[in-house]
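These notes concern the structure reproduced below.
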Amino acid sequence: MDMYLENIIDHGQNPRNFGDPLDPADIDYHDDNPFCGDHLHLTAQLDEDGRVKTVSWQGQGCTISQASASMLGEVMIGKTLDELKNFSKEDLLDLLGIELSPTRLKCALLSLKVLKAGAYGLKNWTGDDEDED
Amino acid sequence: MTKTDQLTSPLDIQAIRADFPVLNQEAHPGKPLVFLDSAASSQKPRQVVDAMSTYLLHDHANVHRGIYALSERATDAYEAAREKVRVFINARSRREIIYTRNTTESVNLVAGSWGRANLGPGDVVVLSEMEHHSNIVPWQLLAEERGFTIRYIPVTDEGLLDLAAYETFLQQEPVKLVSVMHVSNVLGTVNPVAGMIRQAHAAGALFMIDGAQSVPHLAVDVQALDVDFLAFSGHKMAGPTGIGVLYGKRVLLEAMPPYMGGGDMIRRVTLEKSEWNDLPYKFEAGTPAIAEAIGLGAAVDYLGTLGMDNILAHEQIVVEYAMERLSEIPGLKVLGPGPDRRNGVTAFVMQDLHAHDTAQLLDMEGVAVRAGHHCAMPLHQRYCLPATTRASYYVYNTTADVDALVEAIYNARKLFGI
Amino acid sequence: MTKTDQLTSPLDIQAIRADFPVLNQEAHPGKPLVFLDSAASSQKPRQVVDAMSTYLLHDHANVHRGIYALSERATDAYEAAREKVRVFINARSRREIIYTRNTTESVNLVAGSWGRANLGPGDVVVLSEMEHHSNIVPWQLLAEERGFTIRYIPVTDEGLLDLAAYETFLQQEPVKLVSVMHVSNVLGTVNPVAGMIRQAHAAGALFMIDGAQSVPHLAVDVQALDVDFLAFSGHKMAGPTGIGVLYGKRVLLEAMPPYMGGGDMIRRVTLEKSEWNDLPYKFEAGTPAIAEAIGLGAAVDYLGTLGMDNILAHEQIVVEYAMERLSEIPGLKVLGPGPDRRNGVTAFVMQDLHAHDTAQLLDMEGVAVRAGHHCAMPLHQRYCLPATTRASYYVYNTTADVDALVEAIYNARKLFGI
Amino acid sequence: MDMYLENIIDHGQNPRNFGDPLDPADIDYHDDNPFCGDHLHLTAQLDEDGRVKTVSWQGQGCTISQASASMLGEVMIGKTLDELKNFSKEDLLDLLGIELSPTRLKCALLSLKVLKAGAYGLKNWTGDDEDED
């Protein structure tokens, strides 16, 4: 299993769009993964067409979770809320381009979980738990 | 095996017996073992023991969140076994399958978690007079703490539940839960749980099945039954000791507080308080019985390959034959209803021969049966019997075993001059 | 094995490793497994697995009160294992040895039985900041129900218990129970329990030891310590999953109400009430983990043959070597005290390399370690660390395993350009 | 293991000194073994020398427990209270002359338990439990 491709390490070490939360923000959500101690705060602003203009996120965690947030933040830009809502687990894994064990999948999916919850404006998004049944 | 078995049993019992090395021994010199105590605990096929040994010798690591290949392998095997159990009882989700030690712990879990949170003065829990201690004592202990009332469905002389009394309870009492055994470990009675569940639900009560004696012997479909909780033990269904299952409907389990606290059942712990993990882990505190879960998965595979309907059909032949042969014996009375309403066990009493003497004398002939109250003292009190002798049957038993039982009983009688 | 081991270890580690087939495999193609996660769960020698398989394939029947040869054989084996455990921890009576599933259940048993009967508003239970969740959550759950107070002994920067604070608690608070781990599963700290027990008793408090990480590694003598309760797990001491032990002083256990209700734990059951069985059965409801108890007996035999003092001496060599080699690595910090006050584990953090990445990268080299909070979140919060990487050692580990660990860490750093 | 020697069966089927409780009685005790459902009520009268003159017992149980009570009742006659107190488990097993498995031992010992408690005038005699440690 080759998880640590060069671009993963690069995104992990040099996260894009990393910074203080935007205020005001159209998307603003944070969550954590207590098992890992990872946490993530994601904010974004939309333009007049309803497309993501700016992304800023902050967080702490392993390379996989940081790289995932960094890569996801990049592709968010230019997308509509609906497009973000339709962004799937598979899309994210394609983006990362690596195979993940079940344990590490949770690391990668924290960013998606935060994005979805932010896009839907939900408090407790449990979508990825449902997948497991 | 007699001619009858070969003609009618849907299974090749001799091939099955070859999977159970324990059956191939002498109980005493010159006395081949005739094992008729599977209701207490069944024997285990090679396939189950091999699955456990292979796991313990080659694949073991603690499960969950291990970031290395061995631990991932162990976790996969542990969770694959859960999925097998889910399919076996047709639960909707693997999250509804909670590993426990045995039926007893499963009942205690429901009492200690659901019961402690939901039962209080004025509430009623309905059990039955034929229950095993493991479905009585947890409720008595909790009733003392929480002050609710327990009602027992009476048992008729024939060994059936008094369903009229059951209906009266449901209509006249604030019943919150009914907990009843599916198959009696003494009478053999197969209780009509499907209808009883519908009645309980109509009265607003939950229904729990003690499936210790049914899940090993007949197909139990929790969705078809719409049962709320189901408890059973691995060791009675060709599986290992140390593992049991509590099935519960997800919506109920989600709402229940934890039973035990510890590792794996939490999401977050601080010095002040804790948050609980998702199902099923909320109820699986500490390092689980990993090898045992894997062994249970292998047992479920084994039974599934034979086919639960075939197992039931075969056992019916053996039990019917046993009832016929036993009732020929003068002064011997088999407890419970006729063969069409029973499964798996024949408990009996004999004039002038105490149950313990009977069991001891049968053992001298190599025939292993159990004597006593079979953890159903209230039922024995109901029939004013201090003890009964019980022969019980599983898929590896044949009518030849019944013949050996009957012959040994005649020998015992001869020794006592009766 | 390096030269050092051969010169100083009192044990023939290569011969021991041959008893553990799991160690002889590749984690990934070309990468031999280096297993450094025994603190989570140890591996099991052939002797233990063989004892279980033999039992399950040839000697199994339900235990207790079976009046036939097979059941008597099973009962003898089950109780002989209890006697082995009694000798292993030097308990006065086999009645003080209660089989549970694991350490977690042992702690929950004390909380649910002794605690529920004896703790209320105004009472204090003393734990420590370094406790495993299994020695925190059961007390938090019960405190919510019973309204007593929990105090935590602080942990110093070096990773030791703050004994001055402990004394203050004992002097100033109505402490009823102290429950503390013997050896930390993260810091490796060996806590000075002997003195702490004397202090607790002087203050009128009972003392429970979480022995999950001590009983497998060093001789624990409950009478010498005069400890009131001791909890430990079979799976961490070369034994099977699904079995643990609660030791309790007889006079305490006698006075405690039952924990779970069911078969075997009763003397008499009527529809109105029940009477409890003698110890230890009062606390062993339902069919026990028979094969697992027998496996634990075999594990105790195995450890006893090696000698607990030899095991400790060998592990000290490995741990000391590990601390030396790990501290050479730039930016790496090992948690906890120096080698003379620790046992069995080295948890560490590295600048610029997250614990999960570290574990994953080590796995790629075949080195199995654990990353996370190790079920000790409050301790990690204490040190403001979201996670640590932990290598842990048992009798089958060598300094060569440490070399492999260190080399793999250097490779990981290289890949990350640090 | 030959438990069912002729004299055991004989005592079991034709118990000696079986009958209604004596009243008044110098020894009067009853107990049961709930696991087996066995129970036993033993009464005895002493003569002027303090020796057992009459024994009468009633009970229900397996052959081993009935034979044990019957044989024990016979040997009680003529003994003093002190002699009865010193009557040991080994003495009883010698009397029975058979080997017993641990489970069946309980059946045989019920009579001794009742005798001892009666002789000591105790309520809860736990002597034989202690033996097992």
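All chains are identified by letter, namely A, B, C and D, in their written order; residue positions are counted from 1 within each chain.
Keep in mind that, in the parts below, contacts are C-beta pairs under 8 Å (C-beta built on N, C-alpha and C of every residue); 3 or more make two chains touch, one makes a residue touch a chain.
On a predicted model such as this, the values are computed, not experimentally measured, just so you know.
Novice: Tally the contacting C-beta pairs at the B-D interface and at the A-B interface, and name the larger one.
Specialist: When the contacts at B-D and A-B are counted, B-D has more.
Novice: Which chain is most remote from chain A in terms of Cα centres?
Specialist: Here the answer is chain D, farthest from chain A.
Novice: Please tell me the distance, in whole Å, between the geometric centres of chain B and chain D computed from their C-alpha atoms.
Specialist: Chain B and chain D have C-alpha centres separated by 38 Å.
Novice: Would you mind pulling out the distance in Å between where the CA atoms of chain A average out and where those of chain D do?
Specialist: So the centroids are 79 Å from each other.
Novice: Rounded to the nearest whole Å, what is the centre-to-centre distance of chain C and chain D, using the mean of the C-alpha atoms as each centre?
Specialist: 47
Novice: Among the residues of chain D, which ones contact at least 2 other chains?
Specialist: 34-35, 104
Novice: Any chance you could list the residues of chain C touching two or more other chains?
Specialist: 65-67, 268, 356, 360, 372, 377
Novice: Mind pulling up the chain A residues that touch chain B in the complex?
Specialist: That would be residues 34-35, 101-104, 129, 132-133 of chain A.
Novice: Mind pulling up the chain D residues that touch chain B in the complex?
Specialist: 1, 3-4, 9, 12-13, 34-38, 60-64, 104, 107
Novice: Where on chain C does chain A make contact in their complex?
Specialist: Per the stated touch rule, the residues are 354-357, 360-361, 364, 372-373, 377, 380, 385-387, 415-417.
Novice: Hey, which residues of chain C end up touching chain B in the complex?
Specialist: My answer: residues 21-22, 25, 27-28, 33, 35, 37, 40-41, 43-44, 46, 48-49, 52-53, 56-62, 65-71, 101-105, 107-108, 111-112, 129, 132-134, 136-141, 150, 152, 233, 235, 240-244, 257-258, 260-266, 268-271, 273-274, 285-292, 356, 359-360, 362-363, 367-372, 375, 377-378, 381.
Novice: How about chain C: which of its residues touch chain D in the complex?
Specialist: Within the complex, chain C contacts chain D at residues 65-67, 72, 75, 92-95, 267-268, 275, 278.
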